[in-house]
Amino acid sequence: MKKILNTPADYVDEMLDGLVAAYPEFYRLHGDSHRVVARAQAGRAGKVGIVSGGGSGHLPIFTGYVGTGLLDACAIGDVFASPSSEQMADAIRAADQGAGVLRLYGNYGGDVMNFDMAGDLVEFDDIRCTTVLLADDVASAAPEEREKRRGVAGMVYAFKIAGAAAEAGQDLDAVTRVAQKAADAVRSVGAALSSCTVPQAGRPTFDIAEDEMEMGMGIHGEPGVWRNKLRPADAIAGEMMDRLLADMPVGQGDRVSVLVNSLGATPPEELYILYRVVKARLEGAGASIVMPLVGRYATSMEMAGVSFTLLKLDEELEGLLRAPCDCAFWRVG
Amino acid sequence: MKKILNTPADYVDEMLDGLVAAYPEFYRLHGDSHRVVARAQAGRAGKVGIVSGGGSGHLPIFTGYVGTGLLDACAIGDVFASPSSEQMADAIRAADQGAGVLRLYGNYGGDVMNFDMAGDLVEFDDIRCTTVLLADDVASAAPEEREKRRGVAGMVYAFKIAGAAAEAGQDLDAVTRVAQKAADAVRSVGAALSSCTVPQAGRPTFDIAEDEMEMGMGIHGEPGVWRNKLRPADAIAGEMMDRLLADMPVGQGDRVSVLVNSLGATPPEELYILYRVVKARLEGAGASIVMPLVGRYATSMEMAGVSFTLLKLDEELEGLLRAPCDCAFWRVG
Amino acid sequence: MIDRAALLGAIGRLAAAMEREAPALNEIDGALGDGDLGITMTRGMQAVQQGMAEMPADLGQALLRCAQAFTKTSGSSYGTLFATGLMAVAKAVKGRESFEASEVSGLIAAARDAMQARGKAELGGKTVLDSLDAMAKATAGLSDPAEVACAAREAAREAVEAFRERPATVGRARIFAEKSRTMRDPGMLAMTRIVEAVTGEA
Amino acid sequence: MIDRAALLGAIGRLAAAMEREAPALNEIDGALGDGDLGITMTRGMQAVQQGMAEMPADLGQALLRCAQAFTKTSGSSYGTLFATGLMAVAKAVKGRESFEASEVSGLIAAARDAMQARGKAELGGKTVLDSLDAMAKATAGLSDPAEVACAAREAAREAVEAFRERPATVGRARIFAEKSRTMRDPGMLAMTRIVEAVTGEA
C-alpha cells in the first residue's frame, strides 16, 4: 500500500499542522512540543479534564476526539509509538481546569508507563490525576487475564461517556467511576485483511496473502487467533459476534450500542453488509440496539479490516452516550 | 485488495439493507425495486424534490446524501453501473412533493440516458423535471469541451447548495438555477495510487505498479493525464492545485470552499498533509477558505487516492453552503 | 404484414437467441467495457417474454410493453437505447394492429433518430446507430417481406465489418479508442444477432 | 567517590558510546520490535549533554535533569524506564554533592525497583530489570571503585548471555516469544553498553 507523504520524519507533524489548519474551530496545538492537541476553546473552569494519547495513525483516535463532550487534550506520538511522558504531562496541564484530570487511554505497555510518569511530573503542578484503561480486545487475552487485553475501538465509547459526565459537571471521582463502568462494559474484536505501512518502516507491518484474513488481529498488526482463507461476510460477522457474546453475553431486554468500525481501507459498503448480521444477532438475542455507529472511528491508517465493539448499557451509560458531543469527526445531539 | 462480501450478486442489495438498518431515522427503501432510497420522512409538501443516482461503490455518494437540506431520493445501480430508468423514475416519484423535481447528478453517458428516459416515464405522472449535470473533473476534457467532463466530487457541493435552496422553499426554476450556478463554479481533479475491485469483476479494475501513481484518473479507473513514479505529497498537491487554478483562477478577495477528498483507502492523516498545501496556495492567492471539507465524501470503494474540489462562492452560494443539512454522513448547522 | 402473432413469434426467437448469444456478447463487451451486453439483452427479453400472454393486439401498446421490460431490467446503455428505439416504433404504430414490410425502413429510421436523440452520439461513431442507419437505407423502397428481411440482415452484417477498423467514440469503449480499432463494436454485433433472430435467420 | 565532575565525565562517554552503538542497538531492537532503541538512547543522551554546562552540583538535582532529558525526548519504553531509574537514584542522593562506590549497589537496586514498579514486569522476564538485578547483586558489599565497576560490567555481560535462550515476556518482543528464544534482549544489551561506557571501559 502506497502512502502520500513528504518524508516519514515529518509525517506526524505535517498531519497535525493540516488537522488544526482544517479545523481551527475544534483543535489547537498546545505547548511547544507540537504533539499536544487541545480544544480550541478550553472547557469551563471547574470542569474535570479528560486526556488521552498514544501513537499516531489511528485517526479519529485519539486527536480527533478532542472536543465538547469528549476529550480536552491529547498527546500524540509518532506512528504507533507512544508520545513522551513530558508531552503527556503537557496534555494533562492543557486539560486541567482545576478539577483534576482523568487519563483515559488504551492498554499498551509504553503508553501506560508514560502516562504514569506524566502523572508523577504533574504532581509538581498539583494536578490530581486518575486513570481508566481500556482493555476491550477480547482476542488479545483470555477472560481470566482481562487486564492484559489491548485497548482498541472501545475507547470511542469511553471518551463519549466520560466526556459527557465531565461536561455535565460531575467531579473527578464520579467521572472516573463512570468511565471505568464504560470500560468494564465494552468488548471489541477485530479482523484484518491487509496490513498498513508505518511511514518510517516503509514496508507493510505484516505480510498476508491475497486470499487470506486474520481473526483477532490487533491494530498495530499484533497476531490474532487464526489466519486462514478469506471468508464470506456473514461468516466473518458471525464469528466476531460469537466471540463478543461469549465474553459478554447479551440477552432479552438488554440495551446495547454497537460500533461496526473500519480499520481504514475497508469501505462503508462492506460495513453495511456486516451490520445486517450484527443487528440480526443482537435483536435475535432479544436485545435492543441503541445509537449504532457504523464507520471509521478507530483505524490503522490504510489497513483493510473491521472491528466490532459492543457496549452494554444501563440507564446511566445510555444517558451519557446520547448526550451531545461535537468534534470534527463525530457529533451527537 | 480484498473485499468483505457474501456473493457479488448480493453486494448492493445487502449494502443497502445494512444502510437503512443502521440509519432508519435517515433512510428508507422506496418501491419494490430495492434500489431506490428516500428520506425516512418525506420533505414538506410543496418542496421542490431533488434526486440523484448512479452506480454503487461511491459512498457517501449518492445514497448517503439523502437527507434534510440535501437530496430527497436516489436510484442506485450495481457497482459502477447506472440504475435502470424505471428505478430513476421511481426515485423521482418518491422525491416529488408537487413542486417538481431537479435531477442532479454526474455526467456519465449511461446515467444521462437513463435520467432522460426516466423523465419521459414520469411525464405520465405529470411530474415536471429539470436537470443539472455535474461535469467538474478538469482532467477529463479540455476547457473548450467542458460539457464532456465527468462529474466527480463536485456533486457534494451541488447537493448541498440545491438542497438548501429547496429546503428554503425556492421553486423548481430557482433551485435549478442555483444548482447550475454551483455546477458552473466547481472544479475537481483526482489522483489515484491504487485500483479498487468491482465485486462482479473480482480483480482490480486497473493495474498500477507499487511505486506509481496516476494524475487525473477518474473514479471508475478512467485513464488520467499521466502515470509515473509516486511523488511527494507537496508535489502532488501542488500539481493538483495548478490544474484547478489554471481552469478556474482564484484571486485576491475571492471566497472559496475546498474539498480534500479520499477516494477510499487513503487515510485522513494523508489528507491533512495535503491540506497544508491547499490552504497555503489558496490563501497565498489572496482567497479566503470557507468551510473546508477534509474526509471521505465521494469514493471508489477501497481505491487509494485523493481528489481536490474547489467551489468559488458568491454571497448566494455561501449562504446556501452554510445552511443546515443532516444525513448519516454529513451535518452542517 | 406484421401483427401480434408475428411479434410473438419474433419475441420467442429473439429471447432464445439472446440467451444463446449472451456469453459471446458479454465477452466482446468485456474487452472494452463492463461485459454486460449479453446480460442486458437476456434479462430484457426474459421480461418481455413474461408479458407475452397479455400482449395487446395494438402493436403500439405491445411494443411499449416490450420497451418497459427493458427500462425495468437494465440501466446499461444498450438496454436504454433499445427501449428508446422500441418506444419510437411503438409511437409510430400506435392504434394499429398490423403494419407492412414496406414501412419497416421508416420505422428503423424512427428508432435510429430517437436513439440518437437519447444517446447524443453522432452517426459514423461506430455504434448501434450505424447499424440501424445502414438497415434503414438498405430496406428503403422495398416491400417484399423476405427482401426486406434479407436486406436488413445483410446491412447489419456489413456495417459491423465496415466499422471494424474505426476507433470507438462513445461509451466506456471510447477510453480504449486505440485498442478498439481492431475490434467489432459490441452494440453493432448485437444488432446483427437481433435482426437475424427477428427475421428468423438465426 | 562520584561527584559532579565524575558525572560529567560519564555523561560525555555515554553520549559518545550511544551515538556509536545506535545502529547496532536499532538493529537488534528491530528484529523483534520497532528498532528505535539506539535512537532513544542517542537522542536522550544528546539532550543530557546539552544541559551539561548548567549541571548542578547537587547530584540529586543533576540526575533529575538527566531523567527529564529522557522524558522529553522519548516515548519509548526504554527511555521512560531509564528516566525512571535515574529519578530513583536522584531521589536517593538528593541534597548530596557526592556518593561512594559502596553505595552503588543500593542505588542500582533502587533504580531496579522503581523501574519494576513503573513497567510492572517480573524479575526473570528477560528485560533490563534482570541486568540491573544482576549488577546490584554483584556489587553488593564492594567498596573499591574499580572493583565495583568491574563487577557491574561483568554482571551485565553475563546476564545478557544467561537470558539469551529465554523467551521475551514483555513489550513488543513478547509477540515474537518463540523467535526471541535465540536472541539477546535489546534492553539488556543496551544496559551492558551503558555500564561499559559509564565505567570507562568502552
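Letters A, B, C and D name the chains as they come in the text, with residue numbers starting at 1 for each one.
Note that a residue touches a chain if its C-beta (ideal position, glycine included) is under 8 Å from a C-beta of that chain, and two chains touch if they have at least 3 such contacts.
Because the structure is predicted, anything quoted here is derived from the model rather than measured.
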Count how many hops through touching chains it takes, at the least, to reach chain D starting from chain B. 2
Both-way neighbours, i.e. chains that touch chain B and touch chain A: none
Let me have the rounded angstrom distance from the C-alpha centre of chain A over to the C-alpha centre of chain C, please. 57
Taking each chain's centre as the mean of its CA atoms, chain A sits from chain D at a distance in Å of 33
Give, as an integer number of Å, the spacing between the C-alpha centres of chain D and chain C. 83
Going by residue number, chain A touches two or more other chains at none
For chain C, what residues touch not just one other chain but two or more? none
What is the shape of the graph in which nodes denote protein chains and edges denote touching chain pairs (line, ring, star, complete, other)? line
Each pair of chains that touches is included here, namely A-B, A-D, B-C
Partner chain B, residues of chain A touching it in the complex: 1-7, 11, 14-19, 21-22, 56-57, 59-60, 64, 193-194, 210-211, 213, 230, 232-234, 236, 260, 264-276, 279, 292, 294, 296, 299, 301-302, 304, 306, 331
Enumerate the contact residues on chain C facing chain B in the complex. 34, 36, 68, 71-77, 79-81, 83-84, 87, 118-120, 170-171, 175
Of chain A, residues touching chain D in the complex: 77-78, 80-87, 89, 109-110, 112-114, 116-117, 120-121, 222-223
